[in-house]
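Pasting a structure here, questions to come.
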Amino acid sequence: MIQYNHPVRVYYRDVDKMNIVYYSRYFEMFEEARTELLRSIGLDVTELENSGTTLPVVEAHAEYKRGAGFEEELVVRTSIPELPKGKLRIEYEVLKENELLVSGFTQHAFTNSDGKPVRAPEMILTVMREYF
Amino acid sequence: MIQYNHPVRVYYRDVDKMNIVYYSRYFEMFEEARTELLRSIGLDVTELENSGTTLPVVEAHAEYKRGAGFEEELVVRTSIPELPKGKLRIEYEVLKENELLVSGFTQHAFTNSDGKPVRAPEMILTVMREYF
Amino acid sequence: MIQYNHPVRVYYRDVDKMNIVYYSRYFEMFEEARTELLRSIGLDVTELENSGTTLPVVEAHAEYKRGAGFEEELVVRTSIPELPKGKLRIEYEVLKENELLVSGFTQHAFTNSDGKPVRAPEMILTVMREYF
Amino acid sequence: MIQYNHPVRVYYRDVDKMNIVYYSRYFEMFEEARTELLRSIGLDVTELENSGTTLPVVEAHAEYKRGAGFEEELVVRTSIPELPKGKLRIEYEVLKENELLVSGFTQHAFTNSDGKPVRAPEMILTVMREYF
């Protein structure tokens, strides 16, 4: 498994009139967290794209247990549970001092420079195999 | 079933560097569409909140089939498939000229003024029963 | 002068914990409103871009007099006060039932397909001259 | 003068179809940066609000010189140039490796728990005076 803990802080821009983070904002945090997870294992999304591989989101999911408020510090515990084949699944847990607030996942396709779905590129698998 | 077609247009603010709508933006469209669906049957969210009932999102899901680009006109076909009991399920299909781009759903709890989950208030059920 | 009134409604996604529209959200409304203003006089931003002209924002300004809350209906009164030369100035007034909530402006350069600033293209001036 | 350098990274959520940060996103970065500047001198916005003082934005301004793209690392150099009287002015420079991309400012009123404008609270002035 590949895992990465990404800290985020909640600002005015994130919260709604109930002073809890607006539900779609977590998907922005997920993107930030997965980009940093990939960077942490040496995969730079810009380089991947320059080499012809993009990772479009094909599915996104979140379950909201408790809200987070302005100025609270959160951790997005992000993980890749298994080596990708046709798709890459990334899982997220948003924690406030070990309390689980939100859990979710995204599924990503691998597409080539024509936008066609392809299998996971060997370059990505080579990097990831070390973690499984 | 309750159904409502809500038109939206895509602007610069919505698209990413691939010129497709960023994945979390659809959840903002979903919120806009469901607020208008509820208004279309006579349920005003502000009035519901003033009467003590809020409808927090407890689950959100989307599947992305094709991207939508800048200035494209979309329709968010929004529906409530069944009378709510403990939770309210709302479903969404984002269409571009009858092509399905994105489908998704949200689940909402009913909470009282103390933030405690309650059953669907009779006032809401009375309004909705006419559609089932 | 060219003028266009663009209606917008405020949703949960727009408001902060004071239940007023978060300050940067007005700039998103401004973009929506100016795109529709240009469309109203026959200028489609996508077509302009395809013909090689982009209109990047080089300056943005807003003054906030009163807040707008969830579900309120606003009008963004958008205007081009004079025929553009090197830059295009667009002005905005956000109104709630004739009360001025926010005023602002954006300045746009004209750039060619190399990203170089150019004078206002004759095609745009021809369309706009009818209004001055 | 009070100054604080706040690092930010650009993600997909921030960029538009030109792969440059969408213009309103800088105002979100500004909010993040000023919240951290205030924290760096011991002023916690949540505590200020709990003590009855809010700092609503009454004016916002930005000038855009160059775009920033996906995954680029920026610094928001944030400063309070003078001790506030009726209003607090905060200035921002967004830098990429010492190149100035965007400059801007926000003006904030001080309001009491009734939402009425007041002079800068002595508690804030006491903290800030050490820097001037």
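A few comments on the model shown:
For clarity, chains are labelled A, B, C and D in written order, and residue numbers in each chain start from 1.
Here, a residue touches a chain if its C-beta (ideal position, glycine included) is under 8 Å from a C-beta of that chain, and two chains touch if they have at least 3 such contacts.
None of these values were measured; they are calculated from a predicted model.
Of all residue numbers seen at the subunit C-subunit D contact, over half occur in both copies; the interface is built from largely matching residues.
With centres computed as the average of Cα coordinates, no chain lies farther from subunit D than B. With centres taken as mean Cα positions, subunit C sits 28 Å from subunit B. Averaged C-alpha coordinates put the centre of subunit C at 24 Å from the centre of subunit D.
Rounded to whole angstrom, the centroid-to-centroid distance between subunit B and subunit D, based on C-alpha atoms, equals 34 Å. Those residues of subunit A in touch with two or more other chains are numbered 12-13, 18, 24, 28, 31, 70. Interface of subunit D with subunit B (complex): residues 12-13, 15-19, 22, 24, 69-70. For subunit A in complex with subunit B, the residues that touch the partner chain are 18, 20, 23-25, 27-28, 31, 54, 56-65, 67, 106.
Listing the residues of subunit C that touch subunit B in their complex gives 9, 11-13, 28, 31-32, 35, 44-46, 70-71.
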